[in-house]
Every structure is written in structure tokens, then in C-alpha cells.
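Next up: some structures, all given as C-alpha cells.
Two complexes are shown next, each including subunit A; its partner changes from subunit B in the first to subunit C in the second.
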Partner chain A sequence: MMLTLLDELLLFSGATLLVALFIGRGLAAGWMVTILYGGQLLALLKMAVLGYGGGTIASSLSFEIMGQELSWRFDGLSWFFALITIGSALLSSWFSCGAWERSYIRQGGNIWLFHTAMALNVFTMLILLASGDLLSLFIGWELVSWAGFLLMVLAGGVATSAAMRYITYAMAGGMAIFGGLALIYTASGSLQLEAVTTAVEQMSGAKLWLLVILFGGGFGVKMGLMPFHLWQAPAYAETPGPGSAFLGAISSRMGLFAILLVLVKLFGIVNIESLKLPFTPIDARDLLAWIAVFTIILPTFTAMKQNDARHLLAWHGIGQGGYMLLGVVVADAMGGAGGLLHVFNHATYQAALFMAVTAVIYRTGTSDLNKLGGLVVRMPLSFVVLLIGIIGLAGLPPMNGFVSKWLVYRSLLNQGMPLLFLAAVIGTLGTILSVYKLIHNIFLGQLRVEHEHVSEAPWSMMIPMLILSAIIFVTGLLPGIPLEWVASALQTVGLPVPDHTLGGIESASGSLDMIWVIGVLFAGFGVGALVFYSAGRSKRVHQLDNYAGGHFLSADVRYQYSDNFYAGLMHLIGGWYRGSFLWLERSIRSLVEFLSLGMQGLYRRANAEFYLLTTALFVIAWVVI
Partner chain B sequence: MSSIKQIPVVEAKRTNPLARVFDDLVRFCRSRSLFILHYCTGCGAIELPPAMTSRFDMERLGIQPMVSPRQADILLITGYVSIKTLKRVILTYEQMGSPKYVIGICSCTVNGGMYWQSYATAKKLDEYMPVDLYIAGCMPRPEAVIEGLQQLMDRIHAGEANSWEDYYRNYDYYLGNQQKLFGEDWQTPTDVISEAKHYDLLSNGTLGDHTRLLEQHQKPLEALEMRLGHEQKEPAK
Partner chain C sequence: MSATELLIELTLMPLVAFVVGMMMVLMMRRIAAKLQRRVGPPFFQPLYDIVKLHSKRTQVSHGLIHDIGIVMAMGGYIAAETLLPVPGMNGIAEKGGIITLLYLMMIPSLGLALGVGQCANPNGSIGIARALTAMLAYDIPLVIVVFGVAYAAGTTNLIDIIATQQAGGFETWGVTQMPLLAIAGLIAMHASLGKQPFEIYIAPAEIATGPMVEMGGKYLGGLFVMQCFQLYTTAVLYVSLFLGGGTTWFDFLLKSFLVLAIPMSIAYLFPRYRTEDLLRLMWKWPVMLGLIGIAFVI
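Our next item is the complex of A and B:
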């Protein structure tokens, strides 16, 4: 039997898992696993033809269960997501080796379990991405859900309750997907991908609605779409540092992958658009777009209120997912490209940001934004990484986040959706405000006395961060590189492909060439530098030689303003933070508790014979009727 | 004999013929973009809002308020200066970047005015820092303030408003007066002597008995250097 390239990749990934599992306690296990991730990346690059418009590569593994054939294969879409998965796993794992690993063990962490959980996540994600029919998709989906749970639960304590909350949501989502599969199976008698298309043709509007809700809701849970977003931020934030970088980069994008595969590729945007919401002028596609937009706005503004750097970033991860879905739902050439490109871009800067915050935690022991400040003089490289990351996250040139957000905005304008555009811009405003809070409270302002002795993060952590920063900048300068892969993925799901060049997008309604944009930007910086450096010598002063209304400053008094950041803005919008979704979640939880208590009371009180009799009667009645 | 020493020596001519033109341009620009620090003392401050806002409109002369001393050019002392306030005024003055100008508004800054008999008020401002211009009156009207500011602009343009150099050249004198008022352990965060070296303004009057006294107890504030090393230093116990 010949091994296909996909077999090699999956075997490599499985081998990584086994190495982590069996010799993960040994010396330098982290480095070994990291090298194996590198091997996986090479195996993936051998399939690079998929990323440049090639067809599919099937796995030789396939079998039949109860008349259903299970198969696995890779196409352009899978390759694109797999590249991000393995890339972020490689860099996160590299980051975790050496210094971080030692401090994690010192604090009582189980590094063997950490590496195993990471390897398991990558392996299951690859299986999910390779799924060739709905049954293997469901199997992959459940595997990914449980693997994610393993990584999230590692830190214990708060993380455990966050992970329990996650798994509750994930199971509910899994059940919804299972229900959708059952509907398709009854309609077409098959679980092959084509069965969906057949089922869609046969089904009435109401059933189709149900199918869209089941699949959209089920996959949306993983993506953290409103109103299923509450689990994600605490679960990702409380994961050990490199783990949260990995999860934040790619984990919830599996939901987008499944939405692309099932809703966009198999249902078709046209079919979704034909589903009208009764008594309203909107259809299912508008509904998805508005869900995406609210997923942008609300979590982003929730992020602004966070006082923990990790939680702030994790909330942004949810918000940025909204941009991806929004672009995909608009579904023209620019929107689709923007949505998919944002998956790549988001992974790069989110991983870099989480790593920078983890580096700060490694050195200072806290990620509380009210207990940091002024670290730029002690950790200048981490500052640069965080700066590059937040420029990307806020969607400003010259970083890559700008390109994908520009594409999404452009498509909204081209398609005549001004309200969605406005809402997306409000989301970006919230992003800019909150990332400023992040960098200000950690790196700018007053250096605390207890951080005087702090120094830069060690090289084992610094190198992956610098690599990510370089990727963020280079793909911002030359977005044509990832746009090639995006174009291949778009072809796979049947969305139109934009004309792209190395520097950006060619379009009749306005092109984008980042080489020019960045060239002009840096020319401006050059002029500024010329003025600055020609103006004579400058003199550095101590931070306590500073102006505070004529007050004599001393190191024991804090004069940096970090608590209750944006008090003025909160005065205006503070009333909007009502926690309605938390209230909803709590009320559902109480309802379930109440019902289960009632049931408990019932079966505790009555005798067993009575139940036996009733059950028997019901069974007889059911058989007879 | 001493008067012979005072005969000014003509400077050697500059080699670049455009240098004087350029200097003139710089002085012109300087005089047309003055930032006033938002720091007011005493009762004269009340005359500034009308001078700044639409009635008299200081901004048409290129004068604007500024919130931080690092970016400001003019320090306005707008009334009596209590000893407690004077400490803050000196701190703020030293934090301003050169060239900087001080304007004393109201009679109190000239000679203590109606607070002449107060034990808690500094009488003559120019004993503690060089003053470019006094605008007398109790209080001077906005027209007078603007007249004074225009005079300052003319003097800057003519290259005569150089009293800020005097603070560096005769630091020992000013520091002595400050020490007389605030006690011998008086110290500001700014290291004026190293700044004098920075501006090439070190002269005979810069150092003296008072600066020696300062050096005995001064705790210098070194700037926080950007540090790239990865070696974690343990905090000094």
C-alpha cells in the first residue's frame, strides 16, 4: 500500500502525540515535540500544491460503518487551516520550551500533560480538517472539542470551571450538529458531503431553516458567536501561556472551517439567502451577518473593560471571529478573501500578543493591568512585539490586520451594506481603544519599584515572538503571499476569487497595494526621523523628574492612571454594559437546576416498584399503539 | 581695572554667510510660536482667560496654553508666590526645556506687593530664577498682559531674551537664595549642573559654595536606560 502525502502528515502528527505521551516526561521533551511539529510543517509543505489551486489529496484510510463510508482528504481549504494550525503549534511549542517550561514545572504544572494536550489538539484538528464526509466531520468535531477541554483544564482552579463551562457549550453544540446530521440522513439516506446538497434540494423552507440553525448554532459555539460567546474568553485566558497562544490563534477557527464547509460550500450562500425570516425583511444570510457584527461589537467592548491582559486578548479573539464570519457571509470576492485572510492574520498577531503577555507574566508574575507599567525600559523587545501585534489587531497599516479588515470593509461598501459597515467600524474603534489600554498599562507610564530588576524575556521565548512579528509585518507588506492560499481555499468552497497581486488587490472599484501604502508611510517616518535627529542632542530624564502639577514625585506614590481606564467613555456608554447574556446563562442554569431538583425529589420519594410499573405500562402502550 | 575687563570682545565672524540669516529665521519662528505653561499663582491668573479667549485673543499672536513644562516656552507667574508655591515654581521652571522665558505679572512678583509683610511669601522673584519681563499692576489688565507678551516676542526676535542662560551661568547665586529660604537640604529632581554642561553654559558662577552643599546630600536621578540584557538581576537587599 502506498502512503499518500496526507497519510504521512497524519502519521507524523500521531507520532508527535505518541512521543509526547510516552517520553514527554524525559529531558528536552519539549524540544523534541517542537522539532516534530517542524516535521509536520514540512509534511504539510510537501502538499503545497493544494495551497496554490491544486485539487485534493485523499488519505488511503477509509472504511465503512453501517453502510456509511468514512474517508479523509485534504483540499485547499483544509491546507490553509492546517498551515495555520501547525504553524501556531510549532511556534507556541517552541515558546514553551526552555525557560517557560522550567518556571511552569516550578509552579507545580504538569509539563508532560501540557505537551500531550497540545499534540493531541493538533492531531485532532488535522483529522477534523481532513474530514471527507459528514460522519468523519462529526467525529473530528467531537475529538477537537475534547482535546480542547484537556488543554483548557490544565491550570486547575478557575480554569477548571471555565473548561467545564466550555464543555457544556461544546456538547450542546455537538448535539445540535448531531441533530442536523440526523435530519440530513433522513432526507437523503446518506452522510456523504453531496447528501447535504441533495437534502437542501428536497427540503421545505422550515426544515432548511432548522438545518441552518442547527449547523450554524453548533459550529457557532466553537467560534464563540453571539449568544454562545460567554465560555470562550475565560477558557482561553486561563490556559497556560503558550497553550492560550495556540488556542487563541486557531482553535475557535475550526468553527469557521466547518461553517465554510457545510453552510457555504454545501448549502450555498444563495440557498441561505433564499430563507426569509417571517414577518421581517431580512433573510438567513442577513441574520448571520448581523450575528457576526454583534459578535464583533459586544465582545470587543467587553474586552475594553477587562483588567487582566489575557482576558482582554481572549475577548478580542471572539470579536475578531466576527470579522471573519462577516466577510465570508458577504461572500463576494473581496469579502470572502478578507474573511479567510483574517483567519491567517489573526492567528499571527493573536499568538504574538499572548506570547508577549506570557513573557510579561514570566518576568513579573502578574497579568493584572493595574499592577504593571513602564516595562518598556526593561523589556523593550517584548514591547516591540506587543506593539506590532496590537497594530495588527487594531487593523492599522503597516501590519497584516489592516489588509484583511480593509477587504471586509470594502466588500461591505461594494455590496451596499452601510449599516453593517458602520457597525464593523464601531467594533474597530473599540479594538483600538482597548489595545491602547493594553500597551499603556503594561509597558508605558511609571515603572514600579518592584519591577526595577526585571529584564527582557529569555531567547527561547523571544525568538518565536520575533518570528511572528516578522510574519505580521511581511504579510502586511506583501499580502499577496497568503492571498494565494486564500484564493485556493476560496475556490474549494466555491466563492469568487479576487484579482490579487503581490502587494494586494486589483479591483475596478479601488485597488490596494500595500507596497505603496507602506512605502509612503515609511517615507513619512523618515521625514519625522530627519526632523528629530537634526534637532540636536536630546537628554533622557528620570521618570520621577516629571510634571504632576508641580508636585514632587517619589517612587512610592503611583502617578500612572490605569484603574478605571476610559472613565469618560464609560460615563457615556457604561450603562450599556448590562450583562444580559450572563443573566440569560444564569437563568437557564437555574432553570435546569430547578428541574433536576424536582426530578430528584420525585425519584427519592416514590418507591421503585411504582416506577417499574409505570415504565412497563408505557412500553406496553407504545408497542400496542 | 575691572571695567576694562568688561569691554565686550567682538565675536569672530562666522564662516557661513547664511548662518545669520538662518539664526534670524529661527528667532522669528521662536517668537511666533510661544506656548504658555498652565501654571498660575495668585490673583493675576484671573486676567488670563480674557487674554486667551475671543475678546483679546492671544492666539492671533501665536501664543497658546500648554499642559506640560517639557513643551512649554513661557512660565507665567501671575501673582504672589508663597514659599510652598515657590518650591513648585522652581521645580517646574527647571523641568522646562531651553530656551525658556519667565514673565512676572502683578506687583507681588516685583517686590511682594501687598504681601510685603508676610512671613510666608517670597518677595522678589528674580532672586530665585531669572525673569525676562515684569508686568506691574494690581492686577494688570489683559491689554497690558498682551503688550508685555508682544515686548517679549520682540526681544526674542532681536535675540535679547537670553535670561534663561543666566540661570545656568549663575546657578550658585540662585541656589544660594533658594537654600536660604527652603533650608540646606533643598533639592529638585533636575540636575542643573549637568544641564549647564549639556548647553555649554558652565561658567564661573555656576559652581560655588552652595552647589558644593547641594552635592553633599543630592541623590541624583539617573535616567532609566533601555535594557536589553536577558540576565535577571536580583533586587538589592
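Our next item is the complex of A and C:
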């Protein structure tokens, strides 16, 4: 039997898992696993034809269960997501080797479990991405859910409860998907991918609605779509540093992959659009778009209130997922491209941001935004990485996040959707506020006495961070590179592809050429620098040599603004943070607890006569009636 | 267009912006002087100020980011000018469009925010926090306005937006076609200039001029240059969106100065708002006008 390219990739990934599992205790294990991720990347690149034009590469593995054939294959969409998965795993794993690993072990962490959990995540994600029918999709889905749980639960303590919360949501989502599969099976008698299309043709409106809700909700849980967003931020934030970089980069995008596959490719946006919500002018597509928009705004403004850098980033991760879904459900050429491109861009800057924050934690021992400050003079490279990352996250030129958001804005503009457009921009503005707080409270302002002797992050951590920063900038300068892959993925799911060039987008209604935009931007900086540095030489002063309204500053005086950062804004909108979703979650939990207590009480009360009497009464009633 | 011509345009556009911007600063000061019954500064005062600040002997730096922040504040606007068409020169306007321009205009603020951050002075940081909040306030009506104009014109290309307006004279100007959006845009523009009554992030009496607290010499000089560019960019953008751009330099500059004179005159008649009042005002009136305006467009 000849091994196909996909077989090679899956075998490589499986081998990585085995290496981590059996020799993951040694200190060299991290490097070995990292090299194996590199091998996976090479195996993936051998399939690069998928990323440039499409086609399918099947795996030779397939079998039948109860008349249903299970098969695995890769296409343009799978390749695109796999590239991000393996890329972020490679860099996160590299980041974890050496210095970080040693400190993790010193603090009592189990490095074997960490490497194994990472490798398992990558392996299961590849299996999910390769799924060739609905049953293998479901199996892959469950595997990914449980693998994610393993990584999240590692840190123990708070992380455990966050991971438990995640798995509760994930299981509920899994059940919803299972329900959807059952519906499709009863309608079409098959679980092949085409069965969805057949089922859609045969089903009535109400059943289709149910399908959209079951699949949208089930996959949406993973993406942290509203109202299923509560689990994600704490779960990702509390994962050990490189793990949160990996999870934040790609994990929840598996939900988007499944939505693209099932709802966009098989269901068809046209069919979703034809589902009207009774008594309203809204259809199912609008509903998804509005869910996306609320997923952008609410988590972004929640992020703004966070005082822990990791939690702040994790909340933004949820918000950025909204842009991806928004672009995809608008589903014109620019929207689809923007949504998918944002998956790639988000992975790059989110990983870089989590790594930079982890580097700060490594050196200072805290990610509390009220206990840091002024670190730019001690950790300048980490500052640069964080800066590049936040410019990407905020979606400003010259970084890659701008291009994908520009595409989403443009699609909303072309389609004439002012409110969605406005909401998308509000999300971006909120992000700008929030990320400035992040960089200000960590790197700017007053350097604390206890951080006087902190040094730059070690090179083992720095190099992956710098590689990511380079990717963020280069794909911002030349968005044509990832847009090629995006185009291939778009073709796979049957969405239109925008005209793109190496520097951006060609369109009759307004183009974008990032090479020119970034060119003039840096020329402008050059002129600005010329003016600035040709003026008189400046003298560097100590941070305490500062205006303090007539007082002298000394090292023991804390002269920093970090808490309640947007006080004026919070005067107005502070009262709007009601925690309604938390309240909802708590009330559901209480209800379940109450019911189970009731059941337990009934069950524990071993009152045989009472049960006998009740049963007898029921039987008599049934017979009589 | 040949490469040389393009290079000349790319050099001239920021240069013109700078010179006109200085004259706008002068106009602002003269208006203030008139309203306060003073004589006001002489014609070349803005130029004197910039030269003076850049040649001061005491130049206090709080570190590299402090310097880079000022460079970014100037450089971002220099780059933005090449995306803003003026009579006879389009620069690279068609390679970016209005959305890119709006986002490029945020780069100077980001640079300033970084620079102020390294000054390690809470007054400055509070100022930046307020400035970013102000941005959140006025940008919401502003993007509604930009959406409306771009949707009505069917393009994000500023050259086309201007051409559509010039096609039928005053009849096809943005301000006659979309008066509600024009009003909303004017209010948002006023707030974006950060002048009274929206001068919340300078607030000398509370936070010792906020972002400027540790800025002296060429640092303040850089901010002065940035202000020249800011006044020019804001005014020209408004003229391009609503007043049909300019066919000749004369009517182009006339419109730009006139439109800028409106917020300037209001600014020196009113005291200052609080941050939350600014948010409330911006999110209510211009947003409402803008949304109604958009309803007419779509």
C-alpha cells in the first residue's frame, strides 16, 4: 500500500505524540518534539498544492461502521487551518523549550504532561481538519474537545475549575452537534457530507432552523460565540504560557472550520438566508451576523476591564472570533476573504502577544497590570513584540490585522450594512483602548523598584517571538501571500474570491495596496525622524526627574496611573456591565443543582412502600384511562 | 504618471499640508484673539514657534520611546497627506482609500500615546486615557458619516468621491445631498480637534496639560507640527467628503479655512465638557443624525 501525503502527515503527528508520551520527561524532549513539529510542517508543505488552487488529498485510512463509511482527506480549507495549527504549535513548543521549561519544572509543573497535551491537541486537530464525512467530523470534534481540556487543566487550581466549565460547555455543544447529525441521518439515511445537502433539500423550514441552531450552537461553543462565551477567557488564560499561546492562536478556530464546512459549504449561505425568523424582517444569516457582532463588542469591552494581562488577551481572542464569523456570513468575496484571512492574522499576533506576556511573567513573576510598569527599558525586545502584536490586534496599519479587518469593513460597506459596520468599528475602537492599557501598564510609565534589575527574556523565548513579529509585519506588507491560501480555502467552500495582488486587493470600488501604504508610512517616519533628530540633542533624564506639582519624587513613591484606566468612560458605561450572562449561567447551574438535589432526595429516601404505592396508582390510572 | 511626477507629488503634498496647516494655526489664534479682544499674533508666529522649540538648548528625553513617539506623531500625518487628494495632485489616494486614511490618521495618536507613556508621569497617562476615550466618542459618529458617504458614492476611493460631487456643481455636493450626515460630521470633526468644549485631555487645571506635561523643546515642537497637519487633514477631509473637494487651489483653500473656522469660533466661546459628557453628547446627537442620514442614503 502506498502512503499518501496525508498519511505521512498524520503519521508524523502521531509519532510526535508518541515521542512526547514516552520520552517526554527529559529536558531534551522539548527540543525533540519541536523538531518533530518542524517535520509536520514540512509534511504539510509537501501538500502545498492544496493551498494554491485546491484539489483533495485522501488518506488511505478508511473503514466502515454499521454501513457508514469513515474517511479522511485534506482540501484547501483543511490545509489552510492545518498550516496555522502546526505553525503555532511549532513556535509555541519552541518557546517552551529551554528557559521556560526549566522554570516551569521548578515551580512544580509537569512538563511531560504539557508536551503530551500539546502534541495530542495538534494530532486531534489534524484529524478533525481531515474529516471526510459527518461521523469522522464528530469523532474529530470530540477528540479535539477532550485534548483541549487536558491542556487547560494542567495548571491546577483556578485552571481546573475553568477547564471543568469548558468541558461542560463542550459536552453540551457536542450533544447539540450529535442531535444535528441524528436529524440529518433520519432525513437522508447517510452521514456522508453530501447527505447534508440532500437533507437540506428535503427538510421543512422549521427543521432547517433546528439544524442551523444545533450546528451553529454546537460549533459556536468552541468559538466562544455569544452567549456561549463565558468559558473561554479563564480557560485559555490560566493555561501555562506557551499552551495559552497555542490555544489562543488556533484552538477555538476549529469551531469556525466546522461552521465553514457544514453551514457554509454544505448548507449554503443562500439556504441560510432563506430561513426567515417569524414576525421579524430578520433571517438566519442576519441572526448569525448579529451574534458575531455582539461577540465582537461585549467581550472586547469586558477585556478592557481586565486587570490581568493574560485574561485581557484571552477576552480579545473571543472578540476577534466575531470578525471572522462576521466576514464569513456576509459571504461576498471581500467578507469571506477577510474572515478567513483574520484567522491567520489573529493566530500570528495572538500567539506573539501571549508569548510576550509569558516572557514578562517569566522575568517578573506577575501578569497583574497594576503591579508592573516601565519595563521597556529592561525588556526592549519584548516591548517591540508586544507593540507589533497590539497593532495587529487593534487592526491598524502597518500590521496584518488591518488588512483582514479592512476586508470585513469593505464587505459590510459594499453590502450596505451600516449597523454591522458601525458595530465592527466600535469593536476596533474598544480594542485600541484596551491594548493601550495593556502596553502602558506593563512597559510604559514608572519602572518599579523591584524590577530595577530585570533583564530581557532569554533567546529561546525571544526567537519564536521575533519570528512571529516578522510574520505579522510581512503579511501586513504583502497580504497577497496568505490571500493565496485564503483564496484556495474560499474556493473549497464555494465562496467567491476577491481579486488580489501581492500588496492587497484590486476592486473597482476602492482598492488597497499595502506596499504603497506602508511605503509612504515609513517614508513619513523617515522625514519625521530627520526633522526630530536634526534639532538640538536631547538629554536623557531619570524617570523620577519629573513634574509632580512642586513635590520631589523618590524611588518609594508610586507615581503611575494604572488602575481604573478609562475612568471617564466607565462613569458612563460602567453601569452597563451587568454580568447578565454570568447571572444566566449561575441560574442555570442552580436550577440543575436544585433538580439533582430533588432527585437525589427522592432516590435516597428508601421508602419502598411509597414507591410501590405511586407506581400502582400510575398503573391503575393508565389502565383506566 | 511617471515615477518622477509621483515622487514630486508625494513630496509636495505633505509640504503644502504643513504650510497650510501653519496658516490654519494662525487663523485659530487670530479667531481666539478677536473673541477675547486681543490683537493676536503676527503672520509668521507659528513658524517662529516651531523654529524656536526645535532650537532650544534644554531638550529633556525620557528614553527612546519618548523620541520615537514624536517621530511617529509627525510621520503618521506626513504619510496620511499622500492619501488625501488636493487640486491637481492625487498622490497614492487610489491605493488606500478613505478607510485606510482614517486608520492611518490613528497612527500619530498611537505614537503620541507611546511617547507620553514613557514619560512616566500619571498626568500624561491620564491625558492619553482621556484622549483615547474621546476618540471612542467622536469616531462612532465619524464612521457612520464615512459609511454614508462611501455607500452613496459606491466607492471608498476619495478621488471618485470628489469627482462624483464635482460632476453637477453645488447640487451634487455631499452637503446638499446628505445634509444630516454633513451636520453629524461637523460635530464629530469639532470633537476630533480636541478644542473646547472637548478639550478634556489637555485640561490644564486638572492634569497639567496631560500629554504635554513632560514635553518641551523639540518634543513640543513635534506636537506643534502634528497639530498643523491635524488641522489641515481634518479640514480637507471634510471638504472632500461634503464640499466637493477643490477644482482650483483658491476655492479648495477657501472652503478648508471656512469649514475650520466654524469649530474654532465655537471653541473659544465655550468652556470644557467632562469626559462622560463628551461620550454622551457624541453617542447621542451626531450618531442619531448620522443614522437618520444613512437611512436616507440606503
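Brief remarks on what is shown
Keep in mind that, in the parts below, the second predicted complex is superposed on the first by the 604 of 625 C-alpha atoms of A that agree within 3 Å, B and C clash if a C-alpha of one lies under 4 Å from a C-alpha of the other, contacts with A are read in each partner's own complex, and residues count from 1 in each chain.
Basically, a contact is a pair of C-beta atoms (placed from the backbone, for glycine too) under 8 Å apart; a residue touches a chain by one contact, two chains touch by 3 or more.
These figures come from a predicted structure and were not determined experimentally.
When the two complexes are overlaid on subunit A, subunit B and subunit C occupy overlapping space and clash. By the document's definition of touching, neither partner reaches A:Val474: not subunit B, not subunit C. Ranking subunit B and subunit C by residues of subunit A touched puts C first.
In the superposition on chain A, A:Arg537 makes contact with both subunit B and subunit C. In the superposition on chain A, A:Gly550 makes contact with subunit B only, while subunit C stays out of contact range.
Once the two complexes are overlaid on the shared chain, A:Ala48 sits clear of subunit B and of subunit C alike. Of the two partner chains placed around the shared chain by superposition, neither subunit B nor subunit C is touched by A:Leu210.
In the superposition on chain A, contact is made by A:Val377 with both subunit B and subunit C. Looking at the shared chain after the overlay, A:Gly524 reaches subunit C, while subunit B stays out of its contact range.
Contacts of A:His440 after superposition: subunit C is touched, whereas subunit B is not reached.
The intersection of subunit A residues touching subunit B with those touching subunit C, taken from the two complexes, comprises 374, 376-377, 380, 447, 537, 539-541, 543, 545-547.
Partner subunit A is touched in their complex by these residues of subunit C: 10, 14, 54-65, 67, 70-80, 82-83, 92, 94-100, 103-104, 106-107, 110, 113-114, 117-123, 125-126, 128-130, 132-133, 135-136, 139-140, 143-144, 147-148, 150-151, 154-157, 160, 200, 208, 213-214, 217-219, 221-222, 225, 274-276, 278-280, 291, 294, 298. Interface residues of subunit B, counted against subunit A in their complex, comprise 39, 68-70, 85, 87-89, 91-92, 95, 189-190, 195, 198, 221-235.
Against subunit B, in their complex, subunit A makes its touches with residues 363, 374, 376-378, 380-381, 447, 450, 452-459, 462, 537, 539-547, 550-553.
Those residues of subunit A that touch subunit C in the complex are listed here as 374, 376-377, 380, 383, 387, 391, 395-397, 402, 406, 409-410, 413, 416, 418, 421-422, 425-426, 429-430, 432-433, 436-437, 439-440, 443-447, 508-513, 516-517, 520-529, 531-532, 535-541, 543, 545-549, 559-561, 565-569, 571-573.
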